[in-house]
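Per-chain numbering from 1; labels A, B and C assigned in written order.
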Amino acid sequence: MSLLETSGLAAFYGDFQALYGVDLHIEEGEAVAIIGANGAGKSTLLRAIAGQLRAPAEHVRFAGMPIGSLAPSRIVRLGVALVPEGRRLFSSLTVEENLQLGGQCGRRGPWTLDRIYRLFPMLAGRRRRPSTALSGGEQQMVAIGRALMANPRLLLCDEISLGLAPIVIRDIYAALPGIRAEGTTVLIVEQDTSRALGMADRVYCLQEGRVTLEGAPAELSRERIRLAYFGV
Amino acid sequence: MAAAWRIERSTAASRAALFAVALAFAALLALPARGDSGDLRLAVEICYSLALAQAWNLLAGYTGLVSVGQQAYVGLGGYAFFALTVLAGMPPLPSLALAGLVAAALALPTAFVVFRLHGAYFAIGTWVVAEVFRLLLAQMRPLGGGTGMSLPVAVVRDLAQSRGARDLITYYLGLGLGLGTVLLVFFWLRSRQGLALTAIRDSETAAASVGIDNRRTKFAVYAIAAGIAGLTGALAFLEKLRISPDAAFSVGDWTANVIFIVVIGGIGSIEGPILGTIVFFALRALLADYGAWYLITLGALAVAVMLLAPQGLWGVVARPLGLQFFPVQRRLRPLNSPQTAPEAASPGRGD
Amino acid sequence: MAWTNIILQGALLGGLYALFAAGLSLMFGVMRLVNIAHGDLIVLAAYCALMVVQATGVHPLLSLVAVVPLMFALGYALQRGLLNFTLGHEILPPLLVTFGLSVIIQNALLEGFSADSRRLQAGALETASLRLGDQLAIGWLPAIVFLAAAVIIALLEVLLYRTPLGRAFRATSDDADTAQLYGVGIRHVFALATALALAVASVAGVLLAIRTNFDPSIGPARLLYAFEAVIIGGLGSLWGTLAGGVILGVAQSVGGALDPGWDILAGHLAFLLVLVIRPRGLFPKLVD
């Protein structure tokens, strides 16, 4: 049984259909990347898995359980946590309060405040600062830490490199092995194809709301990826 | 395909409505010949309730100014009328018109203050302002202070000698106010400013970005609504022959009921307040003997409508049928195939 | 000395206004809901206390043991059963639904209790006072009311800034969609906010009913005082709300000393003055 499985997943914003029958599966312990151009439906897919967009229950299964129609606050308790696009920290909470809020769903596991500060040492000195006073990279670390505090079995990361300097991106990606070492499965949406291919066991490519390519990075030629990415 | 288009501003229903309105108007003009004094008084009340409802709808439904303080201008209009006739000795009819102007004029400095608040805070702010006016007038001894005053017989006689003639005059004034307000709102919404209003209603920032001067439009609408409320106050207290701060600035009589009329009838349309007025007075006649239960029912009905059918009863009736008696939007129709007409400016709310 | 006394009495009265305002402020802070029925709910709590006192004969302050949990439960039910359905991007539904609620509560109280003026009798507490000087005396009751306001506001501050629930309140206030991602059930959180607001309102209602006469029609005026205290103090700041209540109380007290008809008017004018000079209030924290 896959940890996560979507079958025929469709998603809508009002009348606009953003996903057309997406099938994917992720095994426990894997790191999977989703690539695709702007507007391909990558973020929508993560939002649908996390429950921010409702779908028929059977379209999304987590550890065998249909979760497509559950509220996000229920889904996180089952062990799926999303690092949302644009970080979306709580601006009136301090760094530490943001992390604590992530742990508020009550799941037990390896991730505690101490472990997060060990993973991202720069945050330890800023724990009492308002989250808005941090640099973009530090804010991204808080956002990842906040999701980890929910001790998820599956961590969903939406564009965690967006708007950050390459050196900062490297720091953030350097944390991923440590996260995986705890047994956490990771699903990442990434626009930077080479970065995605570098970290993932498997890659899905989305184009206009449909899966156009799937496979291990080593099996995929540049040409096939380009075709799947742009459709030309 | 280079189709030929025309802009359509009327519908079959609206042409039928125009005819029906003309018929109804003729019947109303002839009412004094059949009805007794009580009928006429009720008709006047219906007319000014309709006027207040249209004005509140213009404020809340089209401009996003949800005021809970329109009683301020009803009261000011009423008191201005008493002050002009009793203290200044002016004849009643010019005083009536002037009372409306006074209310509109006082609305401008008030708007300067309350426009600093937004949304729900604006609503309560307008209520505070109405209380300020009530308390100020309760301090004015020449106008009777807290107990109020009666309209002297001389002023009443000045309007007309016989009671029948006075009833007739107030009736036609009321009819003029009610109908005049409907037409004013209708033509205003069809004008350039009307388009601007609909734009503000749908999105303030978007409207500002296409060059609509929100502030001026809001001031204008607020002042016009105050003027209509002022005229209503002058007329209502001319008919009641007595004014007091509590009656003149009653939130229940002049604002709560009006809000219920608009919400139940349908906010954001001209037809809604008309339907709401009919429903309101029908309910009042039905439940007249039940005291507080009447208002409880009315409140519960308004809550239910707001939650279950935010478009109001008019929305429930008209939307599925595509009915529109007062078309304020422009529809773009291709000349050759009228079935596939896109709507150029839909008045749809909440999408 | 006379003026010191007048200002002192006004400041103590301000404690009551801060109690009126705290619940309003909490609900607005957490879910941007302005509850127009807030004043009527305060009056409803006063009537609940009246029923408890009449049925059991206990001291009015002791009736809080029953009234506070009752209003807490009512608040929870009201939010989950009704007000949650009004929340969205439009301002009209919450405004008009709570406005309708206000009319319903007023008239239901009128039907149940008539328009007669009532009062909760608190015995010796009503008249006992502490003399501080020749013309300066503090009534025990106004002092207790002010103290209750300060303690309740301090407790609310602790709740907001030191507890997981307070964290959830603030996170929901910042970004409800994202809060849900981390297990915050916002419908439940909203309901708890309203429940707390009404619990505080019920303390305000009982203290009001001991201090002055009440009848079913006085709710809207309490809403206006609460609202003015919030705006004078600045949105989102509970200590600011206490300061706002004090300013309002002092303005009323001074106005009333100048001319008995001017007390409430002076309070409203002080509010409008603040609005013109500092539209965001004296100690703002939130942007609305």
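One rule holds for everything that comes next: a residue touches a chain if its C-beta (ideal position, glycine included) is under 8 Å from a C-beta of that chain, and two chains touch if they have at least 3 such contacts.
None of these values were measured; they are calculated from a predicted model.
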| item | value |
| --- | --- |
| Topology of the chain contact graph, where touching chains are joined (line, ring, star, complete, other) | line |
| Furthest chain, CA centroid comparison against subunit C | A |
| Between subunit C and subunit B, distance of the C-alpha-averaged centres to the nearest whole Å | 33 |
| Geometric centre distance via CA averages, subunit B-subunit A, whole Å | 53 |
| Interchain centroid distance [CA atoms averaged], subunit A/subunit C, Å | 44 |
| Where subunit B touches two or more other chains at once, by residue number | none |
| Complex interface listing, subunit B residues touching subunit C | 60, 64, 66, 68, 113, 116-121, 123-125, 127-129, 131-132, 135-136, 138-139, 146, 251-252, 256, 259-260, 263, 267, 291-293, 295-296, 298-300, 302-303, 306-307, 310, 350 |
| Residues of subunit A that touch subunit C when the two form their complex | 50-52, 71-73, 76-77, 81-82, 84, 88, 90-93, 97, 100-102, 104-106, 146-147, 150 |
| Subunit C - residues contacting subunit A, complex | 164, 167-168, 170-171, 173-175, 177-186 |
| Contacting residues of subunit C [partner subunit B, same complex] | 33-34, 36, 82, 85-86, 90-97, 99-101, 103-104, 106-108, 110-111, 220-221, 223-224, 227-228, 231, 261-262, 264-265, 268-269, 271-272, 275-276, 279, 288 |
